[in-house]
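Two complexes follow with chain A in common, the first pairing it with chain B and the second with chain C.
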Partner chain A sequence: MKRIGLGGITGNPGAFAIVLGLMVLLLAVPLTHNGYVETVFRNILMYAAMAYGWNLIGGYTGYVSFGNVAFFGLGAYCSGVLAAHGVSNLFAYVALAMVVCAVFAVIVGFPVLRLKGHYFGIATLGVALAVADIIANLDVLGGSSGLAMHQLDEAHFSTYYYAMWLVALGSMLGTYFIARSKLGYAFVAIRENEDAAAVLGIAATRYKIIAWAISGMMAGSAGAIFAPANGFIDPSITFAVDSNVFPIVMTILGGSGTVAGPFIGSLLLAGANELLQRFFVKAHTLFFGAMIVLIVLLLPRGLVWLFGLRGGVRAWIKSVQVYRA
Partner chain B sequence: MTAGAPATRTTEALLVDALSAGYGDTQVLWDVSLRVDPGEVVALIGSNGAGKSTLLGAISGIVKTWSGAARYGETSLTGLEPDRIVSAGVLQVPQGRRLFGSLSVEDNLRMGAYLRKDREVESDLKRMLDLLPKLRERYDYLAGRLSGGEQQQVAIARALMARPQMLLIDEMSLGLAPVLVDQLIELLASIHQTGVSILIVEQDVQTALEVSSRAYVLETGRITLSGPSAELLDDPQVKKAYLGV
Partner chain C sequence: MHLLAQDLVNGILAGGILAVVALGFSLVWGIMNIINLAHGAFVMLGAYTTYQLFTSFHVDPFVSLPISFVLLFVLGYLIQRLLMNWIARAPLLTTFLFTFGLSLLVVNIALIVWSGDTRGVTTAYSGANFTLGDVTVPWAKLYTLLAALAITGTMQLWLVRSKTGRAIRATSMDIGAAQLSGVRVTEIYAIVFGLGAGLAGVAGTLISLSYSLHPTMGDLFLIKAFVVCVLGGLGSVQGALIGGLVYGIVEAFATQLDFTIGTQHISGSGLQDAIALIVLLIVLIVRPRGIMGKATA
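Moving on to the complex of A and B:
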């Protein structure tokens, strides 16, 4: 890409620097020796990896997928199968999940990525439901009653945390380097105008499939670590509606099509969800929903966008009006 | 390189031979034949729905060719993927600009050089801004926020960044004020001076015939008339049907 000198579509560099700093801080979480805190932050990292995955296909390439949970679930079951064969190496889990998810994305992508807009969204939703149903009916994979997985003992339990941290970091840095590369520009060209991209010689189908495959590899890796960390997987946990919707909402709130957005979104949303659940046991979903609505109304382009804002409150009000019009 | 446009002088001719194409079950083009000689400006005129854009689509590989062939020099374009056709030097400026709206003018121009692997992209970019000073002012603007005339300039500049030898320009003047159209015609002339062949497709028949040396008339998917543009301007049939005289 250097040859044509593209600077990269990474979003605000300041936001990315802050996010990297936060990632380093998150390394300290297991030092608290508090299992609850560790689980909360491991989930934030898990959602972040899934959000980065969704960001590539939905944010950068402009194909809004409602089926990325399929990759998460497939990744989790990859670990389940390996564990049943006595493999306990987390790297092996992630490696298998990435291969399986990439292959699955390519096979499914050929027919599904021909669809555009709502049709693509609905088709991906169908893919996710179908995968969940197939697994629920496969006795080899435990069917609907699921698979129990052997877990590391308490002294080594933080390994799962660090593994999830690595998956999130890998997804973040992967997104950064893709966004700076010619690949990222192909994705954005497809999002902005698929016909124009084709006319300029950007082979849209090929790049869409690449975007979806990498997207799937990120979500699958998160699933591969989630499975042993959770100790048990079944179709309703691994193909949960939350796991499908949260990464999308997180990406959009943080700023879709940016490198910092998905992480900021998942930190805020998963963090806020956790806090609200603690302090408002009954009404927490009400506050949670209200918060999402407010952010979408007041920051239509996501939180990251605040970093690039010049001109204070006036510029902000103007941009909200422009975006709505 | 008198006008400074980054382009390659072409020595190849574009040949379309008995080409038929369409969408689904609907045939749009029927045995269309035309040629554009090296360095020539040729116009393809015709009314709405005559199949002009379909023909450009078929040449650039976006629309599937049913039968017949399109060749550029030695290269057969029929059945080739669009990216290969761009690499061969044939590039389309699509109708309605089709810019990457939320990217800057700079990124739009760079995107035009997507398939290039040489190291002269930066210098081409500079030359492009010399050629179109207006774009220098708008360099950091989002392409979607520009006026129609500016957008059309970006679209043409973006296409030139691919260093095409043969430009196919679809409805350049559509929706633009006459004064802007005049500017674009000057731009075309300077591009043409660098040796690029141009096939323009226009509903604005007067303009098309004035800038081109030869022209073809496409009616309901068939070429019904062709000849030197100056002659077609005086042709009673053309006058009656397209010039309203």
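Moving on to the complex of A and C:
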């Protein structure tokens, strides 16, 4: 697939610069002292981190995972277990979540990443549902009734926001530097043609597992911060269908396989969802669906592509017609 | 022992429905390379069509089978012809995203039209059943299974024998060669997508006989269709049938598991999905292209 206008392996540099600028602006959100606004933006950052995770395996490596929510949930439960043992350090939460998710990705990845294309997607969906089911049946983890977590008091509550900001920034910069390294080129080579990559000496299975493990660490870190910020976790919250599908949709909408795409997608989608929810109490999801349908039809390559568009409306019309049967 | 036989029968009865749900999904995926996330929403529309016909005009669900099929066929045909045709050559993920939006749209329209209340279709024969030895079989579910078998059989015959069926199979094998032989791919795609939606509608009608109705009911069936279709092998009618039956039986047996490790009590009814999905993983690792799947070309 040609990626006209998407720039090099990290995507359009202008788009990346804008995204970095927006990230700096987002640091100011807690200054509004508005709990609602802070939660909305914390969720945007959370989705961004998960979208970056998905982008690495789905966007860069070309292995569409429907199971990344498993990592998010595992990360959340790592915090839950640590909190139950009296640990309240957020760095410890994230560290444990990253280790657990990476180990889980490696163990599950060996059989699952042998599968190709759609089959990999379904197997990962199976993994996510199975993990959720198993946790819902473990009494140690609270079963289906969940775990309550001790939260910071109101004066320090913004700590969760800053922590989530760090996780999102880490995922973004991590993606940037990984994409530019040997790893990134190996991932893209696997995406474009796995057999050819193998001929060039890229150990496909090893690189795919690395991609999935890093992807899992990003989603897991987001989960680890989400748990205490939410104050309560149970399988239906941590393994929600939304947390599985949203990051995928956001990445594709923003532009998969780019560094700016996941952030732009999550900012736009989570933001639009929130606004629609405020103005159309009943029909907001309807408009949300219609919006996705329209964007896909009008911008089939993702929003980031707009940054690289040369030639105005005529080039845009041409781009839409390329995919017509 | 009688429990085992009962589970087997329950599994087969449930599996027949799953086979029809997966059939349309599998055709669209196998032939057009589109993962249709709106399939569950189409199933729901079929179920509500039956519900509406039944409550407003007292139409028997089995009579409304062809009505659901035609209505959803037309809907699917138009969606593909008017909208999805624009992104027919786009990468898999683009159409995937489109169907996700479509599904949200359809489910939420249904929520406005029929509200979020749980509804059901209760016919005169809904509660009736007969016993065979120790095994109880509800009539409605038996009819459903027979209808499912008839539908999959007809589909297979049609795909193999009819001219359109041959054109569809040709398109799935090699688009370029099919076009050169005079197959109008745009038309075939619209027919296949319509067929997928129509089969989803039929499945919805069958489901309405034994399950309760809710606008979001499709999600669960979508996930199961995913699994069944991979289990059986993509784009194959027999695959969908066998996959559906295997999934139904595994799920039915899984509910009977009951044991304790240490203080942790494990009961199968909670782990039903997990067990079915672990079976899926094992099947995929042993046969990466499904039970009936062929090796890659």
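Note that in this section the second predicted complex is superposed on the first by the 314 of 325 C-alpha atoms of A that agree within 3 Å, B and C clash if a C-alpha of one lies under 4 Å from a C-alpha of the other, contacts with A are read in each partner's own complex, and residues count from 1 in each chain.
The rule we apply is simple: a residue touches a chain if its C-beta (ideal position, glycine included) is under 8 Å from a C-beta of that chain, and two chains touch if they have at least 3 such contacts.
Just so we're clear, the structure is a prediction, and the values are computed from it rather than from any experiment.
Participant: Any idea whether chain B or chain C touches more of chain A?
Facilitator: Ranking chain B and chain C by residues of chain A touched puts C first.
Participant: Look at A:K282 in the shared chain and tell me whether it touches chain B only, chain C only, both, or neither; answer first, second, both or neither.
Facilitator: Only chain C is touched by A:K282; chain B is not.
Participant: Based on the superposed arrangement, let me know which partner A:C101 touches: chain B (first), chain C (second), both, or neither?
Facilitator: neither
Participant: Please work out whether A:V245 is in contact with chain B alone, chain C alone, both, or neither, and reply first, second, both or neither.
Facilitator: Second partner only.
Participant: Determine, under the contact definition given at the top, whether A:A123 touches first (chain B), second (chain C), both, or neither.
Facilitator: It touches chain C, and chain B stays clear.
Participant: Which chain A residues contact chain B in one complex and chain C in the other?
Facilitator: After superposing on chain A, no chain A residue contacts both chain B and chain C.
Participant: Sort out for me which residues of chain A touch chain C in the complex.
Facilitator: Going by the criterion above, the answer is residues 1, 58, 64, 111-112, 114-116, 118-119, 121-123, 125-127, 129-130, 133-134, 136-140, 144, 241, 245, 249, 252-253, 256, 282-283, 285-286, 288-293, 296-297, 300, 320, 322-325.
Participant: Over in the complex, which chain B residues touch chain A? Could you list them?
Facilitator: On the chain B side, the touching residues are 60, 62, 81-87, 91-94, 98-103, 107, 110-119, 121-122, 125, 158-159, 162.
Participant: Can you tell me which positions in chain C touch chain A when the two form their complex?
Facilitator: Residue positions touching the partner: 29, 35, 83, 85-94, 96-98, 100-109, 112, 185-186, 189, 219, 223, 226-227, 230, 234, 263-267, 270-274, 277-278, 280-281, 284-285, 288-289.
Participant: Please name which positions on chain A make contact with chain B in the complex.
Facilitator: Interface residues on the chain A side: 3-6, 9, 182, 185-186, 188-189, 192-193, 195-196, 198-203.
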